[in-house]
Structure formats: structure tokens, C-alpha cells
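First chain A sits with chain B, and in the next complex the same chain sits with chain C.
The block that comes next holds the complex of A and B.
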């Protein structure tokens, strides 16, 4: 296992470096002048020269990359052209809040999706299964912006039960919980789309598990149905969920741009979106790097969790 | 004219009062709002919605050239107002009562300004003196190329010396004579006073000195203040920023753009804040702001996107009043006179006239902007600054919508006109009945119009232009791109410099060009001006602009304005106004000039409902 982890870690580093190089090159292939984009209509040749000199954009590309890599080793992701703040600060401000938002929504989706998936498997091809599957797929197929706008129209505008947006002053994690009412709708909207995935994966796996010999043996030995479901079916049905969770780690880092926009939640998604529009290379590079790291870490964590949940899975042996 | 980058680009301002009947087939809605009645209340908090992207990132009031964030001035203006204050009710005029000077005298053929400062004080009790002006002057003199608000050739480059005959008097010797109105309106309205006694240092722990009096020292102070000013984590903790002369002090600031003003208890000016707090809160999108307004709870005042005009009734039901204020600028389509393909076409005045005749500005105003727009009759908006609008512009401008005239002009210049098709040049040549220099036989009358994406009403406006131009066979293709992409891939093109891929654009529409108080064409339409994106050049235009800037003839402005309106260096468009909604128990929001809307909560107050 240790050897496997070391090999995977090595591969992960190579992947991240590859992503970094590719992103750097692609961004600099983008047409147009960064300085003009950032300075806008006031981009006189003199100002463009000052800007390019300030950010090293007048140097050859390989030198710019070397400087970027050197800064990375010093823990410096650069300064945002547009926001004039260190990229690491921008990410550090937004990432924890997105982790809370997306973490809570994932948790809520798990809490709803896993038990209903098991329930659907137990009641498969009956009315309850059909109704739940229909409900989840209907919600899954509805775009999240539509769900968000409908909920806002109903809950916030019509009945004034919850606020429709985060107060602009909420920037800390503790601030999020202080304004917990504003969290309800975005968490709900994000969860709605995940529940279908979790429940249907769990349902599908649980159906297979329920047909396994060891389930029949457990039942024939008189184990209660509750114990069969919780000890055997649930545990073995969680394997696909682990995969989904591992793969969702980069999503948490990348944010949820639509929900962030609608609910006035300045998170990672909006940061990347706005930096892409503004040709803000340092933010885009920093963001891509963090997402790349989250992707390889998420995959690695899923592999490790697989092995912990299913003793039959062993890595590292031929 | 000077570009009032700050306020104009940031605030879509509003005014009430002036209802303007725009000629040319439409009526522009301006004004509105409610008369708030009741007993004034002291204290209270207002929460102001800031638009998407409104995140100030620098508190030093003299921003660096590489930081063009127009929202920084919104943050700083309440703390360090400009020497000359603009806005008097709904009027876009200098307001001497609110300004920092008590008198301003021009002498020596209008080349020397003597400014006497009011005996006001900084928030720490230290008197505001002429030394505070020389501090600003010294910093800028040494660093004006790195100052965002610097306009080539103007302050401080045009100053030969500044003297201070006494503690409250500043004498500025200029290199040449100016039109005092122009200089006061457009130059001195962008110069704040800064507390020399607190800021003239080169490190946080260093002592205050007279470092600014040498170029090297001024450089060091400038660099120090720039660095401190961009450190957003210390906006409210750095003691330097607590020394202010405006009505407000910054109490909270967050990197999201959220900030809170509280009254400067030692403010010397006439309008001491009545409210106890003003909160500025940013929104990620117009929709998020609209939802919050519709929920009727947390926002006191916000801008209503024109796409949501239909929501006015619902907002009034939630306890809001609605008003509009003109935008201080001119909306335009810029023709690239040096485009490799269509430059020769666009250099023909009659072609620009054809294009303008075919823009149905009345329809755009009523349909795309729901009546909330300046009609765009020429280079000067008629809905604000009535004193600047010439009779020609007030009468609808030289080119009201007239497809028949457009068609006749084309035929008179040798074009085969094909309505709803594409016209072609049949009579090339330079004669009066020919297509014009550089236009070949068979050349098609077709253009690509680039514009900034993301605004439904601009989509609608440009689609309307495309359709109306087609009536006379002018074929327009539309291409919308994000604003940053547009400015990154295009550049100013003129006779001297128009090569490369950045001059392939033909027509572009960026929104509007912000104006200062005095909306003359300096910096925009004179040859090689900074904002002369399409390369228009005319000795007569240069002379007329110079006369508005340097001369003293009262007729000079209208002469410039009418000439520019007729020559069409840009194609004139309606310019949407700002529509605000505010709680109907909040007084003082209106009347408001385009230059101080939302930036002057010191005149706002709540009223108790009349019993």
C-alpha cells in the first residue's frame, strides 16, 4: 500500500506540473493584450508599458514561466491584475466558504440520497421506487438556476421567509453561520441536483448487493432486516458514492458559479469566471493549480477509502 | 474635455426634476421620485447596493496609473473630497458651498489662479492649509505619469509654480491661459487635499517631515502611500487613513467590496451627516440585487437594471420610491477611420451621416431603454447640464432619424441602393457625385459592429440599429464580446498608427464615454487624443476645442458642440440613465446631480411618517 501511495503521489505531482505548464501556455496564447484588457479604455501606450513592466509581461515567455515557478516555490501565486491582491489571499478568502457551502450541500444530498437509494432498492419496481426515481430525475434534469429562481420567487419574494442573497459583508466562515438563513437556499439548490446521483448509484449497487449470497445467508441465519441493510447492504453500496465524493473534491475547489451568482455568494467559481473575463492570468493560473491538486488528491483519497471499505481491494500487489 | 473617470464610470447617476422633451420623436423620461413628507429623524443606517464588480481596492485618493478601478473614488470621496465639489441638487454645476475653497480668482490673462481655502479642519483637529495643497502638488509633480487621473498636458504638468502667500492661500501659476470655467470644472474637480501633517512620510513608523519638497522625497512618499493604499487589510486599522476632511470616515472594509462609513464628527463642512451609518454592499449580479430589493428587507437604495423596469410596481409595493438621473457621458458607436477595408468609407462624412440618419434613436430610447435615456442628439447630453446643450442639440440634433435622407445621400454619391440588401459603389472617384477617395467600384456598404456583451438592452439596441440600417442597404453584422476581450483585442487607430490585428475593427460600441462637468471634446475628438479611438482628425475641430479649453468666448462651446454634432467623429446614440429605487421614508436622495448620486449620503435622512 505504501509503495502504491508513493507511486500515485509521484504521478500526481507530474500531473499537476503538466497542468501548470499547459495552462500557462494556453493562457498566454489568448489573443489580445493583457494590459489593455485590465487598463480598459485608458490603456495608452505609456500605461501599457508601465503595466507590462510591473508584471513582467515584457519578458520572454520562458522567463515569465521561470519567474512564476520560482514564486510558486516561495508560496507566492502572484498578484491579481484586476483585484490588485495576492492570489493566495483571494483563494484563502473564498475556498473555506465554498467548502462550507458545497460541503453542506453534499452532506445534505448524502443524508437524503443514500437512505432513499437503499429504500428504493428494497422497494424496487414498486410505486414508492417509481415515485422517488421520478422525483429525483425531475429535479436532476431541472437546471439549478431555474430551481434557485423558483425558490427565491416563492420563499423570499412571495412569503419573505428567507433572505434571497448573502449580505455583502459576509466574508468569513463564522459569518456564514451567523447568517445561516442565507445558506439555506443555496445549500438546498446544490443538494437537489446531487441527491439524484447519490440515490440512483446507491440504489443500483444495493440491488446487486441484495442479490448476493451473503445477504441470503445473513437472512437465513435470522439476522434482522435492519441489520442486514445497515451492516451489509449500506456498507457495500457506498463504494460508488466514494468515487463520486472523490471526484467532487475539485468541484468544491472550483466553486459553483451559477449558485454563487444568484445568491450573491462571492466564491471560487465567480472568482475564476471574472478572472477569465478580465484576462487575469495569475488568478486563473492559481485557480487551475489548486483545482489540479484537488483532482489528484480526490482521486487518491477515493482509492484509499475504497480499500478501507472493501477489504478485498488491495493496492500495490501484482 | 477631461474624463471624469471616477464618478462617471462608477455611478450611473440619477437626477430628478428636469423633464426634457427630446426632439426627434421621443420623450426622455428623467426624474421621478417621491416627495418624502414627515418628521426628520437623526441617526439610522442606510444600505446601498453596489453593482457587480464594485470592489474598491485602493484607499489612497491619488490612484496609480496601473490601477484603473473606478470604484476606488466611491470609497475615498466621502473621506477626502475634491477641492472643487460638483453637484447642487439636480444641477451639474460647481457647488462653492460644499467645496474646500472660499474664493477662486483668475488673473494675468487667466493664467494665474489664487485659491483661498476655507478655515476647515482635518478630523484630528489640525487646520486644513495651503501646505496640504502643495503636498498634493509636489507628489503629483514628481509622479504624474503614474497617476490614473492625469490627462496629458494638464495639471500638474501645466503648472510653472505653486506659492502659498499665507496659510490659507494657494497661488497657481499656469504655463498658459485657460478658460477658467473649463479648468475649474474639469481639472480642479479631480484634485483632493491630503493631510500633509499625517501622510508626508516614507514608512509607517517614520516621522512626518517635508519629504515631498524634493523630487526624490516626493517619489519615496508616493511609493509609500501607494503601497499602503493598496493594502486592503489595513484600510481601517492604518492610522493614516483615519485623518480625513470629508463628512465620513471608514469604519469597516472587506475585500468583497463591502464597506461602512460613519460620520466624521469633526467635519467642518455645511452638510454634516444625519445618518449614523452608511453601508455599501456589493452584489454579484443585477438579479441578486433585484431579488433582495423585491424581498423588501435589507436594502435601502439600489440601482434598478433597465431590464427590470417592469418591476417598478412591485418595488413600490415593497415600500420603495423610484427616480432616475442622467448618465454623465455620451453614448456612441466609434467608427474606425483607419480600418484597412472600411476606413476609406468611414472617412467620408456623407457615409457617417447615412449611418446616423438610419439610427432610430427615438425607438431605441423608448423600446430598449423604456424611456430612461438621453436622446443622444450630439456630443453633449441634453438631459443634464442644460446650459451646455446648444439649440441645435435641443432641437434634436443635425441628424434625426430619416431613412429617405440617407438613401438620397447614397444615391447622390454614386451608390446602388438596395434596401434590405447590400449597397454597392457604382461611381468611384473623388468628385461630389462619387463614392469618395479610396472607395473602389463595387465596394459593398457593410460593416461589423463590435459591442460589449452582457447587457440585454444593448443587444436590443444594436439589433434595432442593424435593422434600421438595412432599410437603406447598409449591411451591419453584430459581434458581441466581453468588454475586457474587446479592449484587449482592439486599439486606438489613427493616421499615424493603424497597423496590425488590433485595427481590424470597423465599428465598436463600448457603452458611453464619461464626461466631467464641462463636456467639451478635449481628450476625445482632438487629433491623437487619448480617447480618440477611431482616429478622427480635423484642424477645425482642434481649434474649436482649444477655444473651449483656452479661450474665454461664451460662444466657443456651442461652436464646438455644433461642429462635432455635424461632423460625426462618432455616431451618437441614446445614453441610458440610471434608475434608482430607495426606501420611501428616506429623504435627500433626490434631487441629485449625475455627479454626486449615492456618493453624498451626508444629505440623506429618514423621516418619521406624518401622523
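The block that comes next holds the complex of A and C.
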């Protein structure tokens, strides 16, 4: 177990270093020079030289990488070309809001997805299962922005129940809840996309659990079907969901970019999108680094939690 | 070293080409694997529905413009935002361009991109994964950490970054998407290769002196082809979706390039004016094509992994013939 954890942590560190190299390479992959793309084609050579020395862009690549890594460990992710603010500040402002958006939607998705998955497993290959599977499959396959657009068209344009987007200038976490009506649709859209994955995953694990001997034992000793489902099937089908939670983090983040840009949600996704439109690379790459590290840590945490929660799982120490 | 005397020489034909004799009967091959998989595919409702939708949409996009001639290049402000009616079955957009004709042109780029990325991703991922799995040890560890690094960052995020660096065209987008989406296939294939490596037939050919390269191409690649086809189908759907999402966010290739995502993005600006015909047609075809490809992928996955009981029955490649049964030949 300890051996496995050490090996797993070592792999994670290697991947984090890889992500750092990747973001650094991407930063320098831009055709032409960074100075030209920020200052414009008409910038004088003198201004370009000032810009280059200001951001250390005139040093050799390996020195720049060393400086980059050193700054990373000091929590310095660079300065936004466009907003002229430290990237770390920009990200730190937005991360809590994203935690709320992604947390709420994932919670909602679990609350809907897990019971439906178990229900589908119980009604395996019946009409209800087929209908639900078809619905989830279509919703899952349909692009995120389709659901967002249809909901806006229906809820906002037709019935005027909820606002179609966040008002500008929301800055605090409490501000988000003050505009809770605007929070409903983004959370719903993100949840819809995750529900399909969760329910289909729970369905297949619950199917395996239902075929286990201990379920037959529970039933034959006269346990009520409801208790069998809640005590045995639910608990045992929930465990693998932890892994799926860790693995689906990148998808959730990618979905957040689209959803936030549609609903004007003041989070990382919106920041990322606006930086992409403005060619603001330090912000984009800072965000990428944070997302990459979060994914690696998330996967590692899922692995550890999984083995801690299920005593049957023992990773080989080889 | 001489072969053991009991082993039959290869030149000696085995009786009635039935090599395996089991207690109570013998096992004979009842068909080629490819044929049986094809039959499983054609009898799967989901696979056939998905294929039919894809073929129809392909005909619509590529053969449609031959029969339905529209002006897709010139702005005609006199007829901008016309609702569906005579002359314009699906209305016109904000530049007065016929929406039905636009759907066909936009679909061409979506489908071309999907197939190109699907095939390229699979070839690269298959080779990389197979080589990594065969190599093992430190080479494998390095190759996989590289894959992990690319997988740690969401493909869509990387796509946005790289897309905002270059002036995009369809071929550039195909290159970028391929470069970003092969690691998933590679990881899957490597897992499959690792599980194949200790199998008897691989050991046997290694014992007979086969080189790593010949094992790679004669055993590993053919045996992982099933999963590869599945991932190819999914990556076609994913890349069509990625292009449309990119265009939707306004970071896609500049005009005159068009795809269904671009149409949607333009149409959404007019949704609040009630110009629904600029939004729903591209939305419907986009969902149709992505769902169709995923359906085919899902059905193929069931066939390859033999999950569905019906499919398992059809996929059985051998049947047991009682020894007492009359034989021919």
C-alpha cells in the first residue's frame, strides 16, 4: 500500500513537471514574438526591446524556464498583458466562485444520477431503463451549448422566469448567491452534462453488484427489497463513483468554459475565454497549469480515497 | 534443437483440418472473425440507425449542393433574415445567405474534419500505445508520463490556447486536434497490449524467434484493431463537437470558413429577435451527427467487448460437434 502510494505520488510529480514544461513551451510556441502580438505590428523596435527585457524574454530559453519555475514556486504566475494584474490574483479571485459553480452542479448531478442509475439497473433492459438510457445518451452526446441555448430560449425568452446571464460586476462569493436566479441555469446545464455519465456508470456497477452472492443472501434471509437496495446495492455502487469524479474533472472544467462564457459567469472559464480572444497568454497558461495540477491531485486523491474506503482493494506494492 | 518426436510436422495435413479434439466433441471454426463482427454490426439496431443517419447526412452535405444550387458567397442584404418560405426552405441568415445551402457547406467541413481527425488520431495512438506497451520498462514509463501530461490538461483548453496562436484553416485545425487527442487512444491501446503480452500466442511467437517489430505488427496491432475502431468513432464525434464549440466561442477559423458551430454562433445573436430558423437547423444536424457517431461507437464497443448477451452469442467463433455426428470428407 505505502509502496503503491509512493509510486503513484512519484508519477503525479512527474506529470506536474510535465505540465509545467508544456505550459512553458506553449508560451514560447506562439508564432512571431510575444511582444509583437501584445504591442501590435506597428510597435517600434525600441518598445519591443523594453517589453522583452521587462518580461525577461531576451534571455536564453533555459534561463527563462529556470526563472519561470522559480516564480511558480513563489506563487507568481506572471502578469496579464491585457489586465495588467498578477495572474495569481486574477485566478485566486475566481477560483472560489468556480468551486461553488462546479460543486453545486456536481452535487446536483450526483443526487439525480446515482438513484436513476440504480433504478435503471433494477429495471434492467425494461422500457424504463431503455427510455432513461436513451434520454441520458442524447443529453450527453448533445453539445453543452445546445442545452444552454435551449434552456435560455425556453426559460428566459419564452417565459421570462430566470435571467439569461449574470449581471456584470459580481465580485464576491456572497454576490453570487444574491443573484441566485442567475446561478440556476449554469448549474443546471453543467449538471445535465454530468448526470448522464454518473447514471450510466452507476447503472453498470449496480448491475454487477446485483449479481453478487451477498445480494442473493440478503434477499433469501428475507431482507426487504428497499433495504437491499439502500444497504447493499447503493453503498457498493457508490464507491467507483469516486474514481469517476476524479477522472471527469477535466471534462467538467472544459464544460465550464463554454457555460461560463454563455451565462457571463465570473469564473475561470470566462477569464480563460476572454484571454483567448485577447491573446493574453500568461492568463491562459496560468489557468492551464492550475487545471493540470488540480486534475493530477484530483486523480491521486480519488485513488487514495478509493483504497481507503474499500477494504477489499489492496494495491500491489510492486 | 530437434523438435519433439510427438509433435506433428507442419507439412502433414491434420485429418479433416480439425485440430482440436475435445472430450465429447471437437471444436471447429465456424467463420472468420471479421465476417462475424460484420454480422453483429449489421444486426445491431443502434449501429445501423447511427450508420444510416451518418450516410444520409454525408449525402446531404456532399451530394446536396449538386442538386440544390444556392449562392453561398455573396451578401444579399435585400433578403436578410427572411423566414422560411418559397425559395428559401429554411430561410436566410443575417447576410441573406440561404440557410439550407449553408447547412450543406458547413456540414462538409464538419464531416471532413471528423473523419480526418478520427483516422489520424487512431493511427498515431495505436502505434504509440503499442510501442510503449511492447517496450516496457523505463521507455514505457517516459512515454506514458508524456501521455499523462497531455491528458492532465483538458483537450478543449489546450485547443483554445493553440487555436488562438495560429491563423486557422480546416487543415490547421485537423492538425491541432490530432496532435491533442491521440493520447487517450494511446493509453487505451497500451493497456490492451500489456494484457496481450503474456498471452500464449505472443509467447509462442517469441519462442519461435519473432522480433519485437513483427510481434507488434502481426499480433498487437491486429488484436487491438477492435478497440481502435471504437475510439476512432468516438473521436470523430468529439472532434466535430470540438470544432463547433470552438466556432461557437468565436475562436474558430475566420470567414469564409463555415461549419455548424459558426452558424449556431451567428444565429444565437438573433435568437432573441425570434429568428429561430438560424438556430434550430444547425443545432439539430449537429446533435444528430454527434449522437449518430456515438451510437455507432457504443454499439461497436458492445460488439468488441462482447457485453451484450445477444452479441456474445453471435460472436462465438467455434461450435462443438459431437464425435458421433456424421462427417463429410
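Simple rule for what comes next: the second predicted complex is superposed on the first by the 283 of 318 C-alpha atoms of A that agree within 3 Å, B and C clash if a C-alpha of one lies under 4 Å from a C-alpha of the other, contacts with A are read in each partner's own complex, and residues count from 1 in each chain.
One rule holds in what follows: a contact is a pair of C-beta atoms (placed from the backbone, for glycine too) under 8 Å apart; a residue touches a chain by one contact, two chains touch by 3 or more.
As the structure is a prediction and not an experimental result, all values here were calculated from the model.
Contacts of A:261 after superposition on the shared chain: both chain B and chain C are touched. By the document's definition of touching, of the two partners only chain C reaches A:146; chain B does not. Of the two partner chains, neither chain B nor chain C is touched by A:228. Once the two complexes are overlaid on the shared chain, A:277 sits against chain B and chain C alike.
Contacts of A:163 after superposition on the shared chain: chain B is touched, whereas chain C is not. Of the two partner chains, neither chain B nor chain C is touched by A:206.
Touch criterion met: A:39 reaches chain B, while chain C stays clear of it. Once the two complexes are overlaid on the shared chain, A:85 sits against chain B while remaining clear of chain C. When the two complexes are overlaid on their common chain A, residue A:182 makes contact with neither chain B nor chain C. Touched by chain B in one complex and by chain C in the other are residues 31, 149, 152, 157, 261, 277, 279 of chain A. Of all residues in chain A, only 11, 14-15, 18-19, 21-22, 26, 29-31, 137-138, 140-146, 149-150, 152-153, 157, 250-251, 253-254, 257-258, 261, 272-273, 276-277, 279, 281, 284-285, 287-288, 291-292, 295-296 touch chain C in the complex they form.
Those residues of chain B whose C-beta lies close enough to touch chain A in the complex are 5, 50, 53, 55, 57-58, 65-69, 145-146, 148, 230, 232, 252, 254-258, 279-285, 287-289, 291-292, 294-298, 482-485, 487-489, 491, 501-502, 510, 530-531, 533.
Contact residues on chain C toward chain A in their complex (touch as defined above): 145-146, 148-158, 160-166, 237, 241, 244-245, 248-251, 264, 268, 271-272, 279, 283, 286-287, 290-291, 294-295, 298.
By the touch criterion given at the top, residues 31-34, 36-44, 46-47, 50-51, 54, 83-85, 89-90, 93, 149, 152, 156-157, 160, 163-165, 167-169, 171, 260-266, 270, 274, 277-279 of chain A touch chain B in their complex.
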